[in-house]
Amino acid sequence: MKILSLIPIIAIGGLLLWAAQDFPKWGDVESPASKSPVSSHFIGKTGVDTEVPNMVTAVLADYRGFDTMFETVVVFIAGMAVLAILKGSTRGNSRRKDHEVEAEPDLIVTNTVRLIVPVIQIFAFYVLAHGHVSPGGGFQGGVLMGASFILIALSWDLEKAVSRFSIERCMIVAALGIVIYGGIGLLSMMLGGEFLDYAELERVLPVSREMARYHAMLGVEIGVGFTVTAIMFALYANLSSEGSLKQGL
Amino acid sequence: MTDHSMICLLAAAVENGEVGFLPLKIIGFASGVVGLIFFLGTAVGMVRFPDFYTRMHAAGKGDTLSTMLMLGGFGLVTMEDFSVGSWLLLIKILAVILFIYLTTPTSSHALMRAAFEDDEMPMTEDDLKKSKRKGKRKK
Amino acid sequence: MTEWFAMVMGAGLFVLMIPIIYRIFKGPTGFDRILGVNVIGTKTAVLLVIIGTLYGRVEMFVDFALTYSLLNFVAAIVVSRYLNRTISLKEMEAREKAKGGAKA
Amino acid sequence: MYPIIIFLLLMLNWVILSGKFDAFHLGLGVISCLVVTWISQDLLYHDRRKGIGERLREAGAFIQYLPWITWEVVKANLHVFKLAMTKQGQEEMSPRVVTFETYLKTDFAKFVLANSITLTPGTITMLIRGDVFHIHTMSQFLEDDLLTGAIERKVAEVFEPEVLSKK
């Protein structure tokens, strides 16, 4: 049976490889993507408009600000949905309780985690804050931050991690992230521009219009980071313990 | 000669436009190749060793040193000039090395403990002899 | 010279990964497979630095290497923890079965 | 006292990672280090009763310990290489599990000892239960080397010198 299933996989893989020959070459000037006026516009204008060296961040957080905002909202809704489904469920728990084992936390693993968790958190902040100059940003930093809490939950047990970052606080932080994002948008609207038109923030910040965009993007990324951190951890905590928040994986 | 004075000499050589930083590159190349050789040991050990625990020896140990040597070699090779940026890059690579130094033993211990609690008993000397004899008989 | 060296190192790493992939494919127990995946994961960090050297942007790719080695560690911990847990569950079920048998 | 040390260490970490020295990025670094110190400072330096001088001595001793353990890693790799590549090594291989009891008291010292054992030739720590270490070894002579307690003494010199003087 295994060998039979291998045949279509190899066939499809070969087909895809064959089709990949038609792709334009890497960095080809004549390819459709490079020819279109949109990309040349972004490549030419990003630095002038926003003073952000990393074009991807500028496009994500500024030109496409609405999209990123609702992506964050989708992440938040996913977390809420999992919580809503699993919070009251007891069907899994009653059976599961009989099988809970007394596994004492491993000495070596916990000590290593003690040493590396602060480093991971600093690294997460670094990724978050340097999204403008190097690859990174709110989503990546948030995932790293959430991973540090998940690592605590894995090496001790879920109770220890939840006592450091409880689910209620998780929800508050997640909501706070969206409030930060939407707040920056609303603030720029109140100052006379459009929703998420960061350039208007120059009136409250002591910088030029372009740098106002730069700093507002950082604020927006921080909001995304908050939401992603909290939802990552809440999803792990709920899914691994089937809503009971005990013992974990 | 201490390391520090040697680095100063090298920096001076670079400024004079000599072949100055070639020695660093050669050290980098050499450590990369040595790392590759140790990785060969790991790869062969992974295939030839008889059971999971002995393979763990090959993987856990060979991995640490070969990764360290290769990363360190690349850190030295990419050392173009002696500006602050390149020093920071070297320190960053050293940080990755330190990270691997810390985590590889831990992850190998965690896997080993998981296997041991799975009632998968490690092979003893007698088992090894038996399996060897069996192999010979087959031949 | 540097590019050439990076190419040779990358090719050497790929060639030496073949025996480990064989071990992942063959491995009598699940632990062997995880071990192979772990070794390849550590070497991927090196490969990322090699790619960075080829593109001339090592300072960017070192971050990726750090993230990847972190991910590798987390994966090893998760898998060992998960196997530990499932094994104890299995044991528990066996014990329960024995208990049920005694009752009957 | 300890939060300040942790903050400075984290700041060093940030500077290495960031590599930018303008006021804006350093300010961000100070803020993030403060946040991380607030969130997870209880993870580092578990035993807060020790004084600063003691900690400094520990750090110095640990830096002296690092070259030795690195040399051990090199020896371990040569050992694995020999076992994997030569026929004589295959003959020599005799895996078994050894148990011994340590006199180290603190968790961190036990952790350093266990990882050092994992890095030295032919031995991997398999399980720690209280003071008892279960260790998987590859060959006979390495086991003797382990049981004489050279590594243990080295670790004790770094972290618990008072235990050694008592002996």
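We call the chains A, B, C and D, going by the order they appear; numbering starts again at 1 in every chain.
By our rule, a residue touches a chain if its C-beta (ideal position, glycine included) is under 8 Å from a C-beta of that chain, and two chains touch if they have at least 3 such contacts.
Quantities reported herein were computed from a predicted structural model and do not represent experimental measurements.
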item: Per-chain Cα centre nearest the global Cα centre, belonging to chain; value: C
item: Chains most often in contact, by C-beta pairs; value: B-C
item: Far-end chain from subunit B, centres as C-alpha averages; value: A
item: Intercentroid distance (Cα basis), subunit C paired with subunit B, Å; value: 16
item: Centroid distance [mean C-alpha coordinates] between subunit B and subunit A, Å; value: 33
item: Length of the line joining the C-alpha centres of subunit C and subunit D, rounded to whole Å; value: 23
item: Where subunit B touches two or more other chains, by residue; value: 42, 44, 56, 85, 88, 92, 95, 99, 102-103, 105-106, 109-110, 113
item: Residue list for subunit D, restricted to those that touch at least two other chains; value: 17, 19, 114-115, 125
item: Residues of subunit A touching at least two other chains; value: 106, 108-109, 112, 115-116, 119, 123
item: Arrangement of touching chains [line / ring / star / complete / other]; value: other
item: Every chain pair meeting the contact rule; value: A-B, A-C, A-D, B-C, B-D
item: Subunit D residues within the subunit B interface of the complex; value: 16-17, 19, 73-74, 76-77, 79-81, 83-85, 90, 93-97, 114-115, 118-119, 121-122, 124-127, 134, 136, 138
item: Subunit C-facing residues of subunit B, complex; value: 25, 29, 32, 36, 39-40, 42-44, 46-47, 52, 55-56, 59, 63, 67, 70-71, 74, 77-78, 85, 88-89, 92-93, 95-96, 99-100, 103-104, 106-107, 110-111, 113-115, 117-120
item: Complex contacts: residues of subunit B adjacent to subunit A; value: 99, 102-103, 105-106, 109-110, 113
item: Complex contact set, residues of subunit A against subunit B; value: 106, 108-109, 112, 115-116, 119
item: Parts of subunit A lying in touch with subunit D, wherever the complex brings them together; value: 106-108, 111-115, 117-119, 121-123, 125-126, 129-130, 133, 148, 164
